[in-house]
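Shared between the two complexes below is chain A, which has chain B as its partner in the first and chain C in the second.
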Partner chain A sequence: MDIVVNLFHGLLTALQPSNFGTMLIGLAVGVVAGALPGISFVNAMAMALPFTYLMTPLSAMVFLGGIYAGGVFGGSISSILINIPGTPASLPSCWDGFPMTRRGEAARALTLAIAASATGGLASALLLSFAAPPFARLALAFDQPEFFAATFLGLVSIIAIAKSTPWISLVSLFCGIVVGSVGVDPLYGLPRLTFGIRSLQNGINFVVVMIGLFALGEVLEMLGQRHHLQGATNKVRMRFPSVRELWALKGAAARGTGIGCMIGMIPGAGATVGAVIAYGVEKQASPRGAEFGTGVEAGLVAPEAAKNATTGAAMIPLLTLGIPGSAATAIMLAALVLHGVTPGPLLFAAQTDMLYTIFASLLLANLCMIGAGVVVARGFASLMRVPPTILGAFIVVLSVVGAFGVRNNIADVYICLSFGVIGYLMKRYDFPSAPLVLGVILGPLAERYFMTSLANYDNNLTIFFTRPISATILGFASLFVLWALIPDIKGKVLRLLSGRTRAR
Partner chain B sequence: MSGGDSSWRPVAAPLAFLVTAAVLTRFVTDRPEAAAAMARGIAGPTTWPTIMLYGVVVFALAWTVQRVAQVLRRREGPGLDSPATPPATAGGARVWLGIALVLAYGFALPVLGFALATLLYLVLWLLLGGVRSPWQISLVSLIGNTVLLYLFVKLALMPLDRGAGWAGDLTIALYRFLHIY
Partner chain C sequence: MTSRRFSKMAVLAAALTLTATTLTQAQEKYPSRPVDIVVTFGPGGGADAMGRKMSLLLEKQLGVPFPVSNVGGASGNAGLTKVLTAAPDGYTVATLIALTVSSWASGLGSAKVEDFAIVAVTQDSPSLLFVPRDSPFKTFKDLLEFSKSNPGKLKVATSGYGTQDDITLKYFSARGYKLTNVPFAKPAERYASTVGMHTDAIYEEPGDVAPFLAAGQLRPLVVFDDERHPAFRSTPASKELGFEISDLPNFRTIAVSAKTPPDKIKKLADAVNAALDTPEWKKFCSATYTCASHRYTPAQAQTYVKAFQDKVKGYLATFR
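Coming up: the complex of A and B.
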């Protein structure tokens, strides 16, 4: 009951014009920054951090919370419209969102993504409000082996995503992990796989690979097809899906939200792991799983809901334990520390009003995201009327600027362009690029957790199986692999048996 | 991935991955002695990439075996397990020209600067894409370039390359003209 009263008071404070306005500005900044490839909402949060000096701690958190909620969704706009994930977590939105755009259903894809993101975000903000302390205790039981197990779960979800070509997908995934390990080793400081090239010592950033493979690969393929010279003549009308249409996707949204909330609470796993696992699980659970990748709505809704469901959940370890689980929550921690606020269990007793106003603002941000998302997406959707030759020309320029902007380094542009050519060849020869990108994103995380686990536990490899939570997550990973592969194996055995029967 | 109909070509790609990864396991670091000295038990700076390269080897081997089995089955009885049709080479020459143009654009950036290189790239790309109207080409490249400069140089304050020598001077003059410097 106390929680409801506190949340109500928090809601009243959050609705005060100054707080509400700050949240709306943050939300708009987040959606736009998330939608621009290479800029990303984390950069926007980092750039906004100095401005929070001038604010109260509450306004600072409301502002950054707005950017966070809006930015996590914003990345999907460019994923859906031009096949460039604005943020790594928006990668799965390309897989079914972009095919919908190609089918002329850009507006529908965008509105479904907005609705799913808002649903996931709202649920996770409610979880944050009502269940933060008990879940924080659970998060406290996580150590490096558990973080590794969670990242491993994200990596094995690729089995479900690309089970029709498992060996090729696994080769692609491992190649991605190898690419992610290029550069100076984070623990020992020794360059690996650099072959004496100095610019490779900084490593290969996943954003650069992602932009190259998806954006440039797509543009080059588009160039080979003459019929793309004319843009869509119809204006993209943003009609919000009806309640009945949304209700039909309730299962996908609920599964995505649940997975996002669970994964979001694990520090270090974050929105990308959540979205990828949600996509993999949905592919298994959906009756249209075999059609995933061709523009299936459930394949877009589940990762969208999961992605935003991680936002509130990620703030649980931040606020209750002072553990930031991602770059975005680390910036929020910095803002709190800058204002002399120490996150932790005592915060709930000492600054209850402020905390519940933050929770209420996050709820409001997810509600207002529907409006902000529609406005920004409508602006971006008008891109669909531009002839693809012209659009492609600017996608290349944006990709180059985006790659350069990651670290203000021209070497990243060369790497991006190289991956653009590789992306085109992968498309042409049907070599799956999604596992490779997933490997580049999650590989360095998995390496860090794996190596620190070994360092912390006397090089004991069994530590991953003897710690209960880690073993449980790895058990889930094994079950997931079996769940994904058993129908295929069963089908092959049945086909083999029926073939032999016919031969007799 | 697809390959030829009855030849061993489909086996080439997985074999290439297998051999490349196997060779790379020997060249993970330029300083193997230092890596060996840093290693404690199984954990060392080269442990992770080496394990992952062995992962590539193992799965590329499985892929190779699968391809070999497919080729053998096809030789035994045509029609069985027929390979995917080779990819269409739609606009092949144009795509390769596009790749060359995109790569040239990237390498021209430090020499000509972002403004000039982007302008030239936009004009050439539009011509390659089949746009022939001089008005359309001029308007798109000039207005587009100006908008990009305002967005990234003026608003986002990105330190985009200005170019070397005369190109650098030209870029600064352009920035002054546009009031973004």
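Coming up: the complex of A and C.
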């Protein structure tokens, strides 16, 4: 009951013009930054950090929260409209969102994505408001083996979601893991795979790889084939889905939201892992799983709900324990610390008003996102009437700026350009690029968690199977692999059998 | 006609000379554009807090922005590579902290003290050993006795191999108290592991775990220093328990490439030292228990860091 009263007070404070306005500005900045290929919401939050120095701690958090919620959604606008993920977490939204655009259902795809994102975001903001302390204890029960298991689940779900044969996806995934391990080893500090090039010691950042493969690769492909993006969108019938259609997708949205909330709480995993796992699970759970990748609504709704469901959940360990689980929440922590506010259990006792205002404004942000999303999506849809050469030049500029902005490093721009060429070749020869990017993202994480787990548990490899949570997650992972491979193996066995009978 | 053209030309020439002079003057003024602060650890840790606070205060001192970028990994060596590969023009500065220096002494990374010019020592603090609230160990002696009869059973969360954390654990191992080092690259994960009781203890300076101390989630057992810490009067110092491991304080500095022109280093050093005297900084450093005990000129700071590296090397030699 206390919580409801607190939340109501928070809502009143959050609706004050200054707070509400700050949140709306943050939301708009987030959606636009997220939608621009190359500029991720993490960039936007990092750039906004200096502005928060001038604000009160409350407005700073409301502002950053707005950018966070808006940015996580915004990435999907460019995924759906031009097949270029605006942020890494929007990668799965390309797989069924863009085919819908190709069919001339861009408006429908965008509306579904906005509705799903808002649902996921609202659910996790409610979870944060009502259940933060108990869930924080759950987050503490996770140790390195569990982090490893969750990351591993993300890795194997790539096999399950693959459009091409699992084996080719595995090759692509391993290439990504190799790219991700370039740089300085996280435990011993020794350079590897750097070939004596000093700037490679900084490692290859996954955002840089993603911008190169998808944004630059797509532009090269677009210009090379002279295929017009507008060709796809000319026949946009602005048909919005009916309430009944939305309701029919409640299962997919609920599964995505649940997965997103769980993954969001785990420090280190974040929106990308949540969206990828949600897509994989949905592909197995949906009756239309086999058609995924051709523009199935459930395949768009589930990852959309999941990635926004990670936002509120990721703030649980941040606010209750002072432990930031992702780059975005780490920036929020920096903003709080600079204002002399130390998040942790004491925050709940000492600054209840501020906390519940943050919760309330996160709820509001997810509601207002529907409006902001529609406005920005309209703007972007008209961008697609721009001739491809001009749009291409625009995307190249953004990509270079984005690659540089990740770490203010010029070497990253060269790496990004190289991956642009690689991305184009991969598209040409139909070699899947998504597993490679996920390998670059998840490979180093998995390695770090694996090594620290071993250090903490006497180099005992069985630890991953004897700890209950870790074992459960790994169990899911093996189910995933089996499920994905069964049709393949079954086909082979059948062919083998029929071959034998014929030979007789 | 001719004279008019001539006078026009003269005016033009004069204008050009003027512009040229202002241009050269602008080039000589340092800093005249934003200076990058490379924080050599991920967001949320002590080096990050220092870098971001310095960024604010240096902007006030020098009038240009000091944007922060986090380049974490490999005990800070990944970020330093960036400073060494950037042009030595004073527009890339880094946080260089004790942990990274001790990693060089242990033979990790490829950098050395001589590659850097230390601008100023901004913070120093002794480290402590903390246990979670519900830990069975009430005193440091309890913990040591347990480790004697259960060698290697106790896990201590640290910031990496070859750091002063590692050296301190090796120091006790060499005396029959074998503790296992569990390295965490991300500070947040390190704190979570001990607060969540996945590791038995954590080696850390008090400022970094201040929220957990305030909430009572971590308890200090011992401070690795000659004397007790003013903020933790009831926690014994290692020296009074008979252990000589008090000369490995955690310190943080601001450093640039050694090839940076000396006048730029001096300008930076003056600004950093002036920032250390502001009330804003004093409030920050006392809240994090890290106020530097001395002010150092760049030359003294360089000697201080070099001496620390030699000390670490000395310790490591005795363990072999």
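What we mean here is this: the second predicted complex is superposed on the first by the 461 of 504 C-alpha atoms of A that agree within 3 Å, B and C clash if a C-alpha of one lies under 4 Å from a C-alpha of the other, contacts with A are read in each partner's own complex, and residues count from 1 in each chain.
We adopt the following convention: a contact is a pair of C-beta atoms (placed from the backbone, for glycine too) under 8 Å apart; a residue touches a chain by one contact, two chains touch by 3 or more.
Because the structure is predicted, anything quoted here is derived from the model rather than measured.
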| item | value |
| --- | --- |
| Which superposed partner A:Ala455 touches (first chain B, second chain C, both, neither) | both |
| Which superposed partner A:Tyr414 touches (first chain B, second chain C, both, neither) | first |
| Contacts of A:Asp2 with chain B and chain C, given as first, second, both or neither | neither |
| Touched partner set for A:Asn202, first chain B, second chain C, both or neither | second |
| Contacts of A:Leu187 with chain B and chain C, given as first, second, both or neither | both |
| First, second, both or neither for A:Pro343, with chain B first and chain C second | second |
| Those residues of chain A which chain B touches in one complex and chain C touches in the other | 185, 187-191, 408, 455, 458 |
| Contacting residues of chain A [partner chain C, same complex] | 50, 53, 139-144, 147, 183-191, 198-199, 201-203, 267-268, 317, 321-325, 327, 330-331, 333-334, 337-338, 340, 342-346, 407-409, 411, 448, 452, 455-456, 458 |
| In the complex, chain C residues that touch chain A | 36, 42-44, 48-49, 52-53, 56, 65, 67, 69, 71, 73-75, 77-78, 81-82, 84-85, 103, 108-110, 152, 155, 160-162, 180-186, 188-189, 191-193, 195-196, 198-199, 210-212, 214-215, 217, 283, 287 |
| Complex contact set, residues of chain A against chain B | 39, 167-168, 170-171, 174-175, 177-178, 181, 185, 187-196, 216, 219-221, 223-226, 229, 387, 389-390, 392-394, 396-397, 400-401, 404-405, 408, 410, 413-414, 416-417, 420-421, 424, 428-431, 443, 447, 450-451, 454-455, 458-459, 461 |
| For the chain B and chain A complex, residues of the former touching the latter | 1-2, 13-14, 17, 21, 24, 27-31, 34-35, 38, 40-49, 52-53, 55-56, 59-60, 62-63, 66, 84, 87, 90-92, 94-95, 98-99, 102-103, 105-107, 109-110, 114, 118, 121-122, 125-126, 128-131, 140, 144, 148, 152, 156, 158-161 |
